[in-house]
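Before I ask anything, let me first share the structure, which is written out below as structure tokens.
The letters A, B, C, D, E and F name the chains in turn, as written, and every chain counts its residues from 1.
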Amino acid sequence: MRPTIVRSILRADAEHITRLGECGVATVHEAMGRTGLLEPAIRPIFPGARVAGSAVTVSCAAGDNLMIHAAIAVVRPGDVLVVTTSAPSSDGMFGELLAESCRAHGVAGLVIDAGVRDTAELTVMGFPVWSRAVWAHGTTKAIPGSVNVPIGCAGALVHPGDVIVGDADGVVVVPRADAGPVVTAANERLAREARTRERLKGGELGLDIYGLRDVLNAQGVEWVD
Amino acid sequence: MRPTIVRSILRADAEHITRLGECGVATVHEAMGRTGLLEPAIRPIFPGARVAGSAVTVSCAAGDNLMIHAAIAVVRPGDVLVVTTSAPSSDGMFGELLAESCRAHGVAGLVIDAGVRDTAELTVMGFPVWSRAVWAHGTTKAIPGSVNVPIGCAGALVHPGDVIVGDADGVVVVPRADAGPVVTAANERLAREARTRERLKGGELGLDIYGLRDVLNAQGVEWVD
Amino acid sequence: MRPTIVRSILRADAEHITRLGECGVATVHEAMGRTGLLEPAIRPIFPGARVAGSAVTVSCAAGDNLMIHAAIAVVRPGDVLVVTTSAPSSDGMFGELLAESCRAHGVAGLVIDAGVRDTAELTVMGFPVWSRAVWAHGTTKAIPGSVNVPIGCAGALVHPGDVIVGDADGVVVVPRADAGPVVTAANERLAREARTRERLKGGELGLDIYGLRDVLNAQGVEWVD
Amino acid sequence: MRPTIVRSILRADAEHITRLGECGVATVHEAMGRTGLLEPAIRPIFPGARVAGSAVTVSCAAGDNLMIHAAIAVVRPGDVLVVTTSAPSSDGMFGELLAESCRAHGVAGLVIDAGVRDTAELTVMGFPVWSRAVWAHGTTKAIPGSVNVPIGCAGALVHPGDVIVGDADGVVVVPRADAGPVVTAANERLAREARTRERLKGGELGLDIYGLRDVLNAQGVEWVD
Amino acid sequence: MRPTIVRSILRADAEHITRLGECGVATVHEAMGRTGLLEPAIRPIFPGARVAGSAVTVSCAAGDNLMIHAAIAVVRPGDVLVVTTSAPSSDGMFGELLAESCRAHGVAGLVIDAGVRDTAELTVMGFPVWSRAVWAHGTTKAIPGSVNVPIGCAGALVHPGDVIVGDADGVVVVPRADAGPVVTAANERLAREARTRERLKGGELGLDIYGLRDVLNAQGVEWVD
Amino acid sequence: MRPTIVRSILRADAEHITRLGECGVATVHEAMGRTGLLEPAIRPIFPGARVAGSAVTVSCAAGDNLMIHAAIAVVRPGDVLVVTTSAPSSDGMFGELLAESCRAHGVAGLVIDAGVRDTAELTVMGFPVWSRAVWAHGTTKAIPGSVNVPIGCAGALVHPGDVIVGDADGVVVVPRADAGPVVTAANERLAREARTRERLKGGELGLDIYGLRDVLNAQGVEWVD
């Protein structure tokens, strides 16, 4: 029950992290058997935001960002902060000053189940953030919480060191130990999709490529003119 | 009760469809007596998205896009897919591969009361989509539904062949048989607005142009200093 | 109880208004002791929208914009319309024609706890709007209300002549009589933040700059490896 | 496009309607292949509310109940009013006086994708209502609409004369022509469930009754201690 | 800008308050020209909750109930606490202990644009509460705010001493100075409704009682068989 | 990554579980330092619902309840099922038949971040459920997931064997190892509250009991008449 800051965490292989980021959220989520997504309410603050990195988890009280400051003391370059709160809140728990601090320590981005502010400045900085809200409301720096413990964040379970991938389609969490197999499955999926893409571009129907005419028949769907 | 795919539908006059698209959603909706709009939660995935075309309606189970594949087998160039689901869902039922297939068959755009994914790619393609959510979550291709039957979609009633107009202000449905009269009414409204616009730009007040001072007086509104 | 249009209102000092706009919403809100924000659901219709001006308050029936027309009769250049409604509504109560009228009379922007339409045109015009919704639905011009009376708008209390500041982070209301002290407090905060920013950019931790290590210790937060 | 009140509609067989009401919403929806439900936001105003009857459809402007008054002129005893609006609204479009009028004409209940008021009185009367909201806000009686035309209501398509079934689990729409087959399928389902219920009460597992152990194995689910 | 507790407020006539409570929220709101309602999200915590009293307004920081404690120091028997917060929050800012304190000082009820807890106990006590949420989350007692200043609460403007009426249909605010005229208008409305009710019970149609057949004709609504 | 059903879990001391249930959600949450609550959207399906038991965690695909059936194979009397899904969903994943099965195996209740159905029957049975929605929509029994692995559920982290407490104020999760200390802290809090309750009933103010007059002064709150 005691609030705790864990300094050292295990991280996934750097090449796996990079490759998962290249594959993108939808592909990675499919490669994991359609699991691992944060809720759709978690949205990027600017178009084109992309990130892949190791989760440094942060558990805050709603409206208090003390533990985000603490987390920056234990990050390594390339990490992604993943912040949850004890209660739903739209408060702007992170802004331009914290982003400058993150940049100085190599933090690659932020995922937060709450609000952020200074989004115009964050966009100019190119610091990628996924949040539930954008709002100016300020926060205190007074209430204890934990860093680098397992958290529930926006419907997903996140362990420290899990790989976080974010893009226009949302955010997905890859358990650290699964990074390698997921890269393999994602690569296979992309190769398969490349072949399908060419056939679809050529005008072939998904009905034929995926064998769906049989599915329609088996389900009793009727074709009429 | 039997799920059905209807191959042939009647469409509105092509010139009417084009003109409705030029008039835009707000004008068309006004010309229809302020009816026909889909709910405001249905939003375009990129700024500048515009479409006008004939509705090919699709009724899917939530989280299953089998019937979207079926619909592409019956579209004609210029059609707009209009997809509803059996239950509220944010799943990404449509993405880049389906958009390539749509492009190959001339589909002009998509309106869906659910989620879409690959929105970065769809934006680069310039494929216009209006949806309730953007999310990476994948779907099955297994559950029967219907194509080109009347559907309820985001608060509106859509028949196959109705004219769908979408822009930054949302999506409006024009019953096929009304396309001509609505074009006429919309043209009249635009001409009237052009005259009003010049007067407003010159500093005249809406109070005077629309005769609203009498309305205020009749309602007992008091002017004080 | 009688609906009323008040022609003359007191406004804050023009230099204070300008400076509050430069400081931005987050800073002004902090300078006011973390008060004065409208709800986070009130969002700008285009990136980069910014405004600062004197509130001309408008109380409308839901789905009726008669009183917005009345308000334009009493504005002065630089004012910001602040519109509330008697019931929650997404209707597009303001569009391009009203924006032209606003421009002709020098209105600097609009804040509305309802919907707006013609957002593509408003964006081209560069007319800044903060609203709860974007939707084409039209409105009547028939139901009485008031202009320049105190209103409750999106969770905040707004008096005519209060200073309205809007940017990417939302909208804040500064009571007219507080404009001067808030400018002073905001300037001090910005100076303090400038110094902190340099230290953070240099790699110092917020934990050290703000003395938060003591807070963590006092709260019993444990550091572990 | 012209607003219309249709006086005469076809209705389903009275015994089918009664039996569908006895089966309840969940069973009927399953018997229809998991289709026909209104959105989950449509809730009964008191515990124990139940209804089954023929839909008299009503299309209103948001905030205007003129067409509900018109609908009462064409109902027959046992009918259920199904009301949709042109825009999302929480206004209380129906209250105790209208309920008295409904009672006088034998209307069995109301389904409305908007608000209702006087819910304390409606509860005492035992008049069953399913609505999106409960709110006191009043409405006008001025804007045209239609009665007994097909409508989209809360995500479902409703034709006049369709069978409406409502209970604690929501509202389902049975197309008029399907009432008989749905009764048959629902009866079969209830008989099957009665047998399953006894086995479950006796402690047998769903895993065994439904053969789900094979499903788990086929999907690669692992049992561990 | 300085947070303030105002000890003395003016209250409306006690008989007017009582009568407004008897008339109920819908009638009072209509008698005020369809104004004064709080948003529909503000709901009673138990069926049958009713209240009428003078508003003691409370402005709190989200998640902090210090000022509710302060407010109880200035209430008089029959008052109703009306609480708003600086940011949206579901925290349970009020529970059984505060209700005991309210009871000891004669507070008649609570309206709060936030959460409450101990609702089982509050129900047993019969202490009426209207809130946005029910949730156990606790609050601090540390952040300044004001008592008995004008506030914006759930979309409405509330001045100290305004009459608050709450029932199953929501909450309405009657400006103190309007209490008398609103009672008169409400009484007239109830008398009119009593006559209408009898006619409706006798089977007369609203179409005939309100003269709506002419409205339908004037609007071009067509009757068909 | 492989879906797994864990048969054996550790549970907290039975007396601790019972006592936590007696203390109730608000007290337990406070005793844990204001942590552990599920989101406020998770609500009981009938008034008076209460539960305390050991969590058997279930991770399902949205719209598929295969793993709930699997979970009943590993429960022990007194356990509480805690179900999360891979995507937001209102589907009725649990109903009367599953409740009969739960009863037969001694399951004390259900917490589910999705929908339930047959709520009238569940209420008659007295089977307590906390859910995000009540809706008739049916589910498949086909998609793999896990039982008794850590899950993120409605904003909280739940490990198998954690103590789940639910009542009218929501649901709280007590980590298994903390059950004893939390009982102690909760008992102390209840004793303190009993003394405070008597003083409040006697008319003493919270301002005096909690020493809040000093807080108000320190924060610069002004008292005026």
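Just a few scattered comments:
We adopt the following convention: a contact is a pair of C-beta atoms (placed from the backbone, for glycine too) under 8 Å apart; a residue touches a chain by one contact, two chains touch by 3 or more.
The structure displayed is predicted, hence computed values, not measured ones.
Note on connectivity: the fewest chain-to-chain touch steps from chain B to chain D number 1. With each centre defined as the average position of its C-alpha atoms, the distance from chain B to chain C rounds to 31 Å. Measuring from the averaged C-alpha position of chain C to that of chain D gives a distance of 42 Å.
Looking at chain C, residues 3, 34, 37, 40, 86-88, 90, 135, 137, 144 sit in touch with two or more other chains. Taken as a graph of touching chains, this assembly fits none of the simple shapes: it is neither a line, a ring, a star nor a complete graph. The complete set of chain-chain contacts reads A-B, A-C, A-E, A-F, B-C, B-D, B-F, C-D, C-E, D-E, D-F, E-F. Interface residues of chain E, counted against chain A in their complex, comprise 62-63, 86-91, 135, 137. Interface residues of chain E facing chain F in the complex, by the touch rule stated above, are 2-8, 66, 69-70, 72-73, 90, 92, 95-98, 100-101, 103-105, 115, 117-120, 123, 133-138, 141-146. Here chain D touches chain B in the complex through residues 1, 3, 32-35, 37, 39-40, 61, 84, 86-88, 113, 144, 150-158, 175, 178, 181-182, going by the rule given at the top. Touching chain C in their complex are the following residues of chain B: 25-26, 29-30, 34, 37, 40, 43, 47-48, 167-170, 172, 193, 196-197, 200-203, 205-207, 210, 212, 215-216, 219-225.
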